[in-house]
Amino acid sequence: MKTRVTIYNEGVHEQTKENVRAIYPNGIHGALKEALETDEVSVSCYTLDTVNEITDEVLDNTDVMLWWGHARHAMVPDEVAARVRDAVLKGMGIVFLHSGHHSKPFRLLMGTSCNLTWRENGDMERLWVVNPAHPITQGLGRYFELPHVETYGEPFGIPEPDEVLFIGWYSGGEVFRSGCTFHRGNGRIFYFQPGHETFPIFYDENVRLVIRNAVKWAKPIYRVPELLCPHVKKPGEEE
Amino acid sequence: MKTRVTIYNEGVHEQTKENVRAIYPNGIHGALKEALETDEVSVSCYTLDTVNEITDEVLDNTDVMLWWGHARHAMVPDEVAARVRDAVLKGMGIVFLHSGHHSKPFRLLMGTSCNLTWRENGDMERLWVVNPAHPITQGLGRYFELPHVETYGEPFGIPEPDEVLFIGWYSGGEVFRSGCTFHRGNGRIFYFQPGHETFPIFYDENVRLVIRNAVKWAKPIYRVPELLCPHVKKPGEEE
Amino acid sequence: MKTRVTIYNEGVHEQTKENVRAIYPNGIHGALKEALETDEVSVSCYTLDTVNEITDEVLDNTDVMLWWGHARHAMVPDEVAARVRDAVLKGMGIVFLHSGHHSKPFRLLMGTSCNLTWRENGDMERLWVVNPAHPITQGLGRYFELPHVETYGEPFGIPEPDEVLFIGWYSGGEVFRSGCTFHRGNGRIFYFQPGHETFPIFYDENVRLVIRNAVKWAKPIYRVPELLCPHVKKPGEEE
Amino acid sequence: MKTRVTIYNEGVHEQTKENVRAIYPNGIHGALKEALETDEVSVSCYTLDTVNEITDEVLDNTDVMLWWGHARHAMVPDEVAARVRDAVLKGMGIVFLHSGHHSKPFRLLMGTSCNLTWRENGDMERLWVVNPAHPITQGLGRYFELPHVETYGEPFGIPEPDEVLFIGWYSGGEVFRSGCTFHRGNGRIFYFQPGHETFPIFYDENVRLVIRNAVKWAKPIYRVPELLCPHVKKPGEEE
């Protein structure tokens, strides 16, 4: 059976900023879809305009979600954010990209501020592979570079990750835990730093490889319901 | 300077149930206050009736909070729960007791369902010390017993704890990670299973020792503000 | 390509104790081989008599190793133990069974005493599934039982595991982290408590399912050499 | 009672290399002793020449050990290394400095290769504080800089740390988890990257502050023996 990917991309900058539209004429979601879609992987896309269509039914039929948002986090309804969190707890995988660190579902899942420091300066980022045996880093060398990115800096207000896979080095002097895994409930979570909208980052072959690997890694092996406080019978009672 | 402890105890069962009032005539908070208050430790108490008085000012002047709730989690206003979470992220320590696992602040901090299975059967619980070198287990033997408790069972829907300090063995056949530590932002969190309202658990000397140890452990060494996404200057800009 | 499993079973008790031989006429390794071998999985076996034949070549051609030892840990040569550790660091998966907790390779990989407390009393063990979404617990219910086991007790002198998958409840009153995962270098490690030689535990269908699941989980996705302190070139030098 | 610190410094470079002697006329241990000794802290020093004098009695009377080694790791006797590991498991704190990452006690405690990549180029290192609420980072700003260091690079072959406190940014383009905590058995471990012998790093005020903080943090609260597989009595037997 195909891996079913659902992309949420805010999709606002592509409409309001000429330079972003020039890079992503079909939206960031369009570039991601193009990177992921194969005979093995089907992709559906939602933007802020259609965010309410991300129903439980859509999520129940999603193996892995990708989430990109930036300027309009607050406009995602609380119910949609809670729905996405609950789907992860039941087993759906999710990949948060770049400024998705401040999205409602990421903050709900982390329980922390998810704050960080940032600078828009067109820095070069060199992403070092900290864990070369992980499925998500498969096929990369010791590091790869992105010529221009938005700089993110520590401290990054997240819980201690299960695994730090990438640490980013920025030409301007910062460092960042640019690739982190978590698991919450039955679902797997990957946060990946690259993806600022004013640079063609989602066309980069290494970035695409990481995202493809992450989708494979985050796909649930099997789906179990989150336990809803089942009553444990007394000894002697029938279960 | 004294350690400043703030207790939230829902305080409903003590009013509505005769058998609970008989055990805790001064409320669960009264028993906890009695266990903690010394020349070194000052204690303030709040109940559901006064929950709105848990203001930012109160929290800024709290080193460690204790939280007990059960039947009325939903009646704690969202703003209060968010305030408590934010205080933890800034450095306040917090100890969640028993059914506090389903309280709003605990769920906000964990990001997961915090579900578990349970049974009210008056089981004996033997709490095994998994980490005998931890400050919270100092002064205990290899285990201690509580003759009657509410049984909690795995799976417990929490993120992987930093440390599992106690595993509970129940006479009816369950096990539970009965003492777990976490850190989120700048604050330390301890979850402790014992404390069902129909048993005199908060008079038990081992339980009191654990809670006193936990208060010492969770007290912030120093307070730093949670970083609010400070802008990183470009090289050359003044900071 | 087949998954290549290599079993080390000490194989002493089966020769020296009538009651063990009666249960495992073909050795514990024979029972494990029978449980694992399929069209997809090939199995090779070694015992203390042939332990020196576990060469680097054997390990380079092993996807996942199983290790059972008890009375003769000290007779496993240090070089063999170091070879096994190094193979794990390079990516080989390994499953340590029961008293393998005190084997040389496990202690080398953990860096701790790996001590525990124990009692031979024929207790019943109920193994609770703490993480129902993990590949290793796939296909199990909420718990399964073994009518007679050797009791192991906490504290278990291991580093904090990546994940606790099973907690054992013993009828005599102990608890134990009976299933734990770790990763070290590029390799995955699973420790599993059941397997005392005087009980027919390796014929139990749930135990066999767990071990089969663990082999699938521990199989390396791809093999990378452990980095041997490569010199990083100065900027300008050729790499 | 005073905090009792024991320093092991290999002490070879100070004898064989003029430039190192010029920086550390009293040895690296001399500089560290000077940084630590107060009315509250007593310091004893050992070098490779006296390494055999690091007996169990010395370790039993040590709260926190500092370990610096580089060229002569192999000459530290295995028994001394095992003794140090065992003291940590019993509760002694330990701080490994710089090239101590490849020392025998660190490798024994980690169970991994502890390999890394390195370059001697006089790079500037900027150490970012990843966890500003930790006792070890108390009193530092968001980062501090060392004008010339030996560059260390990822991947660093260690188990996932409990906490990453510092990430180093190097002017030549590398990153490194420059400050990491672990706990093993009853003891606390801190690894700290700075300290190359050809630069006056141990005179730097920020480095000294970190080491002083680490000594306070690693000091055992109380000492418990590592459990030596105590037999658990059968129910009914006397304990």
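Note that the chains take the letters A, B, C and D in the order they are written out, and that residue 1 is the start of every chain.
One rule holds for everything that comes next: a contact is a pair of C-beta atoms (placed from the backbone, for glycine too) under 8 Å apart; a residue touches a chain by one contact, two chains touch by 3 or more.
In this text, all values refer to a predicted model and were calculated from it rather than measured experimentally.
Over half of the residue numbers at the subunit A-subunit B interface are used by both copies of the sequence. Across A-D and A-C, the chain pair carrying more C-beta contacts is A-D. Averaged C-alpha coordinates give centres for subunit A and subunit C that are 34 Å from one another. Subunit A and subunit B have Cα centroids separated by 32 Å. For subunit A, residues that reach two or more other chains under the stated contact definition are 132, 153, 155, 160, 162, 173-174, 185, 227. Of all residues in subunit B, those touching subunit A in their complex are 85, 89, 108-113, 115-119, 121, 151, 153, 155, 157, 159-160, 162, 172-174, 182-185, 226-235. Of all residues in subunit D, those touching subunit A in their complex are 126, 128-132, 153-156, 160, 162-164, 167-170, 173-175, 177. In the complex of the two chains, the subunit A residues touching subunit C come out as 91, 132-133, 135, 138, 162, 185-187, 220-222, 224, 227.
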